């Protein structure tokens, strides 16, 4: 498991899509947990970083996966020399410090994660460390945030209704083209005309999802292409390696994407 | 595993639906174990907290899941410095103290849980700690309570008849609209008119279960919506993020729920 | 694992169904292991308790399940302070003390249980503790008893013929109505008329097995209903919570059972 | 795992079916491993016990099963107080002492058993203890014997050809009726007429295998029935509990077997 | 797990296929992670070794597989005498030293590998050692490189879009025939005519992929054949053992390949 | 795991089938790894023993199976008294000593074996011990040899192309009848006429593979039959127990093989 604690030195760059900042702030004030739904690379993690900064709270992120257990989250006894030392896991740290706890791609986690989440997400707001016998009240400011991508097909993996209904849901999508052009220009270090071309290209590729593309190109890949272009790689080549290649291995889809690229950058 | 011991400071708020309080009290007096059936968020946990308070017994809750083992429930030897110390698990604690032991979503637990339950649920009322060689008679006042949601489809997971028939079954459902309005108004902090509108909306959404909704909206999500409205979020937006989003990821169902919301809150 | 050693203070109540007491006693004298077949709650455990009392032998029960291993049955080394101490498991204890060893629902156990059973069930009557290097002859009076419910469908779980043919088989069924009325009246604390009504009701419900009921109502649920009635719960309500609810979650079957209840108790 | 070392005080009773004694003795002299094929309870274990006695070799039996690992067979380091002590497993003991090593129901074992068997079953005749770094030449007199029941359907479990072809195969079947009558009379303690009736009955039941009976009744169950009859249980009842019940749980087959019993014992 | 740290004594031989050297160098400068796609044996590993040499960075390779866990990658506590010592895994070493970290056949790894990769592959560039509580910023020069072969059919194994879109993708294929001839002649130690014949033969075999060949012959097998020929093995035989045999076990395909060999080398 | 180190006292008996000795010797000189394909019992292991003797190298054999892990191959830390001692596994020993490392039935091994093999089978020729941090260059004379039987159907188990193409492939088959007669006569201790009859019989049985026989009779079973005949067992009986029985459990095939035996030995 890999828990990253944000160490922000300044305001994380975030362009609001709607009223998500206000709703999140209210949920924080009311102690309501929040779930973020949305596609890959559309800015969910950035949003949580931004909110942690704005609310003045530390942030603890955990990327969830199949092998993640309750012990990974809560902590464990470690043997150091002769001593047995308890080491808090990331959830316990977040609860003690009143942090924003962000469980990314929570549907990937094993079912016992649910058990950790439930008593933190209702009126109890407690965490029980079964191995130490300790029951910890969440410190003021603590908030639980989870995220997932609803467009994947998870036949066997899905949040149970008894879990889902504990959260307020915020939906995310790719930024609209105005905002996306601004992001690509700023983060990719290219001129506006190039950013416009890249975002327009993305708009032509995204409909391929109906023809089998697993996921639309994210803003992230547009920024990567922009950075290569800014570094002197020819535009077409930059788009092929930073956009077409990462999207798919399917030869037909690759060819279609390359045609679109060739149509935009001669 | 996550065992929460209730620390009630006052009477937990609970509105009776029928004669469940009296039947539970009689079962407690007779030493009959109880199973609670009912949908998510309809108040089963609250009911047990209320009964524990009313009967003056401590309460021990265990949220069951796939990885829960008998050791988690009964206890284990821990190494502390040079010493090996036995630490009671939540079931053992409940049995020693004569507590109300609440195993939530028991169908999720692994089959060896059954083995712990059986001798506690018949005339023997004993718990045997195989690892310490101890056999513990349940203290007076001990009662076993389990719960599950019968509306999920558990192809492979089901209580065996030899387990089921050890329990008296109490069925729970959403409160009727009068009681639900009262709950939403009190817990959500909104005026009665708003509570009426939210409960009426829920009544329109619940039939969507026949069109594929996995679970009807619980009273819990209505309270969350009410709290956001009370905090100044516009009613429609509050219902979208607190009711529509948590219910489903299906675009058609989301749209249907949003239409119903738009019809209620302009 | 959960091994319960009976501590009988008096003769356990048991009404013989046929010649099972004499056959069991002969098997005990001859050193022949016994298997008990029969539905849930029909008195198999009681019968073994009764025979242990009658034969003046201690009794060791083990409820079998999926995660039960040979170590659970035989014993293990435990670390206590500096020392490593061998702790006998329930089977080893039973073998040393010449007890009646009762393996309940043995088809649920893992296959290595078989290995423990075989040399105890033929002319060898030995138990080998591979971890200590000890080979123990079963003390006089030791007898192996197993039980299971043949009406479940265990596609993958079944005793192998090489195991089955080591046992003498006793078949159990629900008591006939005369005996069942006596049991319900004595154990449930109700008058004979009420016991008659409950047993008659059960006789009407049991045929629903042909319409999908997983298991017929056992004598156990009738006793539970009787005890609630004796405590003042109205008869119909008592039957609904103690009989209908525990039997099934199927709405159609529940309704059918409730109709039968309503026909018996107005 | 359960390794039983035979402690024969006298010649184990065994009636030869053909030339199996001579062939086994030659294989022992030639160092050829032997596999015994045959149905449950037809005397394979007895035969090996008999041969061990006849050849003057100790015998080590291991009943194989799904969870049996190479460590169980070879040995392991155990911690005793401060020391780490190597403890030979049953195979290692057999190899060091030149014993007859009998792996019963070997198809049930896990695949790494194969690895232990192979270098013991060809010209190398060595056992390598990877954990101690020791390579042990099998002591003179060592012989590997395996057994299984070819009539089970093991879709996934089967000896690989590269294993099978290392063995000389001896086929076993139920004894012919003359020998079986003698066994039942001697071991069951009944008169010859009764033994004849029991063996005749078995001859009528065995063809039911074509109608779904998983396994024919073994000589073992006839002996059990005989012993109950000798103890005073009526013949019909004794046959029902010792023959019909252990064979099957199928109601139709049970009824057919009971009819056959009723036809033989009035 | 098997992490190999390159210890290059001179420039690793690599013939560029296109602009991959420049793009990789730009990605390294920009901190963009790279994925290499391409068939077996086409030079992906060589390319990374070459780039590590060219960029003057150490290189750490990890061959991924099904059993690879996050602990294998990150490190673990080891007990040495009385002490517990933390030992960095290969990823941690690479991060500390600013190495090129090459995860070969990354689709074979378990899902928790993803969790290690993600925070190293975006703007965070950190590695969090949950077990020591340490958060490590990647040293300057660190770069993440992954590779896989898109032509295998991995029904269940595939990189998630949220992982893929973090990388710039470089596609590799077999070298064109001019370059392949040069490689075979240099590395195989044969004359140019022989290298031409081998490469021409490969060109005739590769279309058999459409007739069921799992993978086309790589440059690697051509070099092996050349080395055997250079050592005096007859050409036809060398091609049969170094090219035909390794490609397939299918008798029809083997025959087809042998016919092609016979057509080239008389 | 079971690693056997050959301790040859003289030249292992091996009759060459073709030019396999020369090709293997060249591969050894060139550092090219070798894979041996062929049916059970056709002499692959003997061939490797012979080559190890001929090349004057020690030989380390590992029989691969499902549970074989990288730790089994590479080594592990063992606790001995107070000390933690590293113990080389068989692969590490082979690499240090420049031995012939023979991985028998390599397709049975778990996928992480691949990871051990790859860097030993290309230009790197190194082994990395992740647990000790050591990287070992293979000593001169080290050679990797793997074997498998391509005629089994391994739906899920197959060497990956990226593994296969690292090896030079030598194909083995049963010896031709002249050589097989010589082997049977020498190793079985029978006269030439008897050896001829046994080999002729085998030639008649082998076509039954087309009628369902899993594997043709190997030279090994012919030698076993010969040894029993030499020891005085009648020829027909010897063939039945040493050839027919080990081949199959299918009654129809057994009968067919017995008919062929009866036709050869009256």
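By letter and in written order, the chains are A, B, C, D, E and F; residue numbering begins at 1 in each of them.
Basically, contacts are C-beta pairs under 8 Å (C-beta built on N, C-alpha and C of every residue); 3 or more make two chains touch, one makes a residue touch a chain.
Please read all numbers here as calculations on a predicted model, not as lab measurements.
Shared contact partners of chain B and chain E comprise A. Of all residue numbers used where chain A meets chain E, under half belong to both copies. The two sides are thus made of different residues. Remark: chain A and chain B have CA centroids separated by 30 Å (rounded to whole angstrom). Distance between chain centres (mean CA atoms), chain D to chain E: 52 Å.
Contact with two or more other chains is made by residues 79, 82 of chain F. A ring topology is adopted by the chain contact network, closed into one cycle in which each chain touches exactly two others. Around the ring, the chains sit in the order C, D, F, E, A, B, counting from chain C and moving first to chain D. Residues 19, 22-23, 26-27, 29-30, 32, 35, 37, 69-70, 77, 79, 82-84, 110-112, 114-116, 118-119, 122, 124, 126-128, 130-131, 133, 135, 150, 160-162, 164-171 of chain B are the ones touching chain C in the complex.
Here chain D touches chain C in the complex through residues 1-5, 40-41, 63, 65-68, 72, 78-81, 87, 89-90, 105, 108, 149, 152, 214-215, 217-218, 220-221, 224, 227-228, 231-233, 237, 241-242, 244-247, 249, going by the rule given at the top.
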